[in-house]
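You will see two complexes here that share subunit A, one where it goes with subunit B and one where it goes with subunit C.
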Partner chain A sequence: MTVFRPGRRSGRRRYRPGRLLSRGSRLSMWAGLLIGIGVYVLFGIVPAAGNVIISFTDYTGLPGAPVHNVGFSNYSSMGTTQSAGFTPAVVATVVFVLAVTIAQNALALLLAHRLSGQGRMAAAGRVLVFLPIALGVTIVGLIWILVFDPQQGPAASLFGAVGVHSAFFGASGWAMPLVIFVQVWQNAGFSTLVFIGGLRAIDPQIYEAAGIDGIRPWQRLRRITFPLLAPAVTANVLLAVVGAFTTYNLIYVLTDGQYGTQTLGMLAFNAAFGSFQANLGYGAAVTVVLFVLTLIVALPLMALLRYRERRLLGTS
Partner chain B sequence: MRHPRLAGRVAIGLLVVILFVLPVLYALMIAFESPSHFLTSPLTPGSPDTGNFGKAWSGADLGVELANTVIYSVAAAALSTVLGLLIAFPIARRLIRGHSALYTAMFTGLFLPLAIIPLFAEARMLGLYNNRLGYIVLHVEPGLPLAVILLVAFITAIPAELDEAAWMEGAGYLRYLLRVVVPLTRPALLIAFLYGLLGVWNDIIGPVVLLSDSSLFPVTRGIYNFFGSNESQWTLLAAAIVIASLPVVALFAASQRQLIRATVAGSVKA
Partner chain C sequence: MRKTSLLSASLAAAVTLAAGACSSGGSAGGGGATTLKIITWVNPPAVSAINAIDAEFHKKYPNITVKLQTAVNVNGPYETLLQQTVDSGGADIVTSVTQLQPLPLNPNRNNETPLQFWSTSGAFAPLNGQSFLTDYQPSALAAETYNGKVYGLVSGTYQEGVFYDKQTFAKYHLTVPTTYSQFLAVCQTLKSRGVTPLFTALGNVGPVYMQFLYYEAMIDLWYPHAPGGNLATALEKGTAKWTDPNFIQGMNEEKAVAQYLEPNYTGVPWESMPGDFAKGKGAMLLDGSWDLSAVQQANPSMQVGFFPLPFSNVAADNKPYLADDLTFEVLNSSPNKAAAMKWLQFFSSPSVYAQYVNTTGISSSQNSGTFSGYSAKALGSWFGQGVNRNVFYPVLSPNNGYYDQETYWPYLQLAVVQGSKTPAQAAATYQQDWKAP
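The block that comes next holds the complex of A and B.
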């Protein structure tokens, strides 16, 4: 979820065994390491790889049910009438990722620009925009369900005042934009803090030099701030893209993937654990496709953003 | 010059308030409305009525669920933080061969996809499905990569002479970690613990897939089910939301300074 980058390490780093450690100490060091790495491998690496294996089976998750190797049939059935919903899910995913990435970064940039200061109001603003992350997707989702309740909610009154009536989260055409909105609302705070980190990293002397040259505020923003914010832009765009591709917990709370909001992540979950499906093999195959799709988009995007950083900052 | 700046400030203040404060206030307001008042005039506050809270508390079984949530999230986040330290120290001090590869492997962990389907299969096979201990064990890994990355950065800043001096005097490894490294890395430990805790606390997919007994449900699944079974009893749901989010809001209020500062500082390091 976070995009902390590994610190650049100076020079060659060589292994320096702790000769001063006693035998017992060395034993406890290795014990601690092995437990930690064991947990990471068993519950991080193995599940990631396990998706691929399960995707070639008809695993149902039901106790005692036999599991067969079904070859590529989980993959070849995608997009055919046997598993309707795949193609719409691809479309929904693309729409969701594009809209969330653009909206989340635009909003976060706007907020960061105003909330990066040292004043009390700015500090209070930072707390407020970060609050949805503490509240979590379930509470956030339910709050917005209350707000957009078609009968009693304030949004219904607001839209009703201009003659627009809708079931909102229960209406095709409305559900997707609203889900995108809540996703942005939920995550904009984190992006804002990343942008604030970027803004604060800009050397104030650059602005002073620009002030002497009599540059206008808009020019200053466009020519100095935004280019120098490139590392934060890289982090935030990748964060939003990968997050929008892979997370579906908020969609699960808001619509459970109904009314045109079934992204690939949501589809995989529903195929596996949705009512009366128990098709974990197919769900795993969808997850693998989603993972490959994420890489196909994220890796070139990362290269592009890094190239942009180098060009704008003029460093290696 | 002055006027546009002021206008900009007011505009952003309004945006923050309308976007981030009003929805939360609305939920808070209707939590205090009697159902009958809510039905007739939902948008105006009525005379405060606390009846919803009692009904939500017992109806959604919030006591048990909050206790479950606290147990799960504190235990899992503590374990990820401790294991994070046990992995981070040898990496930061280069005490093992392949410390660099291990660091890269942990960093990659930030981007591993959430593999809930294989995790479910593993939970079934290893006897971790539908029990408290299993649920905790399954939630340790997601917090590990961030803990390791934060702690490596912090430990690297502690002079290595310090450990050599202590070890020469025969201080044990774990004792040294506890007595010297833990106090010096407290900010990083706190951030790793908090992010780990929020991750477990707010998980909704995990409880849906990995638990089936309602007595084991954490509060996220509890209020989500309560929402499903009490469709359109919004004042009750709002009260449940308020109760369920109070602990995490209190924790956030207590730690927001460190959390926000660390996120701002740590997010963009070239």
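The block that comes next holds the complex of A and C.
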């Protein structure tokens, strides 16, 4: 009788998936993996670590300029008059992220519901809603600047017809809502496609069974569609939250962070590369805060959405 | 031993030859051809003018060829090129859009701009003793002077004020206003005829360009009464305060003037401003002279005149805002300093300089000259005249941090103009936030 003893070589070779590959293939696999990790470390981890280090200095980016360790002063100055603009930027960021996440997902869900069919109109609709992403930030920004030109833009005529006159992107009360609108307009197409994927993954037989049981459309949406769409909701909400936190380029094009639209991303850019003052140390500190803030929001949110998925789908 | 010496000599000769071949300019074979390298950014009128000057210079000095290298724009690309060039000595003459002065009150490596650092640390060759310096206005030389040495040549200035459509003024029988009351009367007349009196655009740039109003108000009302004749120094020393009645009066008048701007000017795209004016969207344009070439391009037949935005009822106190523009510096590491000085001498000669001014539209920084370009005609007797921003700019300069104060200086100006703050409230906040550097 042969007794199996762990750790001791038996006569038979243990099953290892890697052994399915030839030595050359295994080498190629490991080489590819190492190159990938190397690239990620070199262009992802090293700059990120460098950014954290810079946040503790007074680095200006100027060749020859001395760089001093300033400890936590870049962080402790946030919210004081010494580095004004931080607190309003936090408020603007929270408003921007909340509004974009809610509006983008609500709109995308509605669009997905209307465009998930197989017909030509639905296909054309999907292309149309996805188009803004392909246009790119600069084009999208310029389009909406022209639309909301208070002198000769179509929006000025439209609002003017009902007695509303505004400087739009140049008015404190309008600039942030309009920037949110453009961000949603540009990105709703991607969220829509994710939702469409989720909708198509739902087994049609479930709907047929629900139809036989006489379940009403609203109940069908609430009891079947929405729960089964949970993985798509998780992906879309997280992508919208992280995307909104890190947005600065669209705001840069539309308002340059003026008129109440300076989010943390925009503040970091202006602090580090703004024409008035190049303070890479402070700019780096703002990005670190932005990163931490994103983690604080995104990680619990992800846990919550995963929990929701398990609860709704009944999976462990 | 002989072999070693021969080898050493050959090596030394090879290194010398290689060094000669690698240098950006320099004379090849003593008294031979020299390549003078200038760097700047793509600014079509300036590039065109410099290229024309280079060609004429080469005709006069056939052994010197000038090579002009440009970066795509004055911001990031040129800043990078400039830094690389200064670090490597890769050119003979560099250009800049900012000047050495005003230095911060207590200059140090952390509050100086790159250009100020290079100037004060010997990266640029002093121009003292060059005969062409006497051609330039003292203020232009002062802008580039540190410890008695002149480190750059300010090629001209730009001016801010009111550009007006002469045909519209003629149509409504209006004369050029020289006082605040006259200006309001002109605006009122135009408004009563259904014409937008004043046009400007702050879209995409924000209220920092409220400076078309607040710089002029400070120049006309406050600066003439500044203790010691320098508002910046007076504020830094505390002999003048932001709550000064002259400044409060200036803000009150800014608010009155802004009522005659086109509606929603804070959202009108900045880039469209000269074109909008050229299309007749306003009778007067609040802008800088850098936009004149765009106005000319958009409507070549438009007859444009200029006057300083008057905030005082004493006509003599109303002067335009003026700031130094494109400046040439010679690198200290240049092997062709003599050729570089020759080029600056040639550039400064009356006919060549006039050609440069006429082509670029820049206002002259020389003591005299005859200019016939579009800008010279539009600016008329105000061409090159005005109050240099150095008399108050240091206290508003970002290097001194005032833009970063809680109130964001220009935003508070906008709040005053739009009525959400009173001038007295704004003045009190400015004074409260103000920390002399």
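Please note the rule applied: the second predicted complex is superposed on the first by the 279 of 316 C-alpha atoms of A that agree within 3 Å, B and C clash if a C-alpha of one lies under 4 Å from a C-alpha of the other, contacts with A are read in each partner's own complex, and residues count from 1 in each chain.
Note that in this section contacts are C-beta pairs under 8 Å (C-beta built on N, C-alpha and C of every residue); 3 or more make two chains touch, one makes a residue touch a chain.
What you see is a predicted model, and the numbers here were worked out from it, not measured in a lab.
Visitor: Where does A:20 make contact in the superposed view: on subunit B (first), on subunit C (second), on both, or on neither?
Guide: first
Visitor: Looking at the overlay, what does A:258 touch: subunit B (first), subunit C (second), both, or neither?
Guide: second
Visitor: Who does A:59 touch here: subunit B (first), subunit C (second), both, or neither?
Guide: Touch partner of A:59: subunit B, not subunit C.
Visitor: Check whether A:43 is in contact with subunit B, with subunit C, with both or with neither, and answer first, second, both or neither.
Guide: In the superposed model, A:43 contacts subunit B only, not subunit C.
Visitor: Once chain A of both complexes is superposed, is A:151 in touch with subunit B (first), subunit C (second), both, or neither?
Guide: both
Visitor: Of subunit B and subunit C, which one touches more residues of subunit A?
Guide: B
Visitor: In the superposed arrangement, does A:73 touch subunit B (first), subunit C (second), both or neither?
Guide: Neither: A:73 stays clear of subunit B and subunit C.
Visitor: Of the two partner chains, subunit B (first) and subunit C (second), which one does A:249 touch, if any: first, second, both, or neither?
Guide: In the superposition, A:249 contacts subunit B only.
Visitor: Let me check the overlay on chain A: which residues of subunit A are in contact with subunit B and also with subunit C?
Guide: 63, 145, 149, 151, 273
Visitor: Under the definition above, what is the set of subunit B residues touching subunit A in their complex?
Guide: Of all residues in subunit B, those touching subunit A are 8-9, 12-13, 15-16, 19-21, 23-24, 26-27, 30, 38-39, 42-43, 83-84, 86-87, 89-90, 93-100, 102-107, 109-122, 124, 137-138, 140-142, 144-146, 149-150, 153, 156, 163-164, 167-168, 170, 172-174, 195, 198-199, 201-205, 208-209, 220, 223-224, 227, 232, 234, 237-238, 241, 244-245, 248-249, 251-252, 256, 259-260, 263-270.
Visitor: Would you mind writing out the residues of subunit A in touch with subunit B in their complex?
Guide: The contact residues of subunit A facing subunit B are 1-8, 13-18, 20-22, 24-26, 28-29, 32-33, 35-37, 39-40, 42-51, 53-54, 59, 61, 63, 110-111, 114-115, 121, 125-139, 142-147, 149, 151-154, 157, 185, 190, 193-194, 196-198, 200-201, 231-232, 235, 242, 246-249, 252-253, 268-269, 272-273, 280, 283-284, 287, 290-291, 294.
Visitor: Can you name the residues of subunit C that touch subunit A in the complex?
Guide: Per the touch definition, subunit C meets subunit A at residues 75-76, 83, 87, 109-110, 114, 117, 202-207, 262-269, 272, 276, 281, 398-399, 403-408, 433.
Visitor: Flag every residue of subunit A that touches subunit C in the complex, lowest number first.
Guide: 58, 60, 62-66, 81-85, 145, 148-151, 156, 165-171, 255-256, 258-259, 273, 275-277
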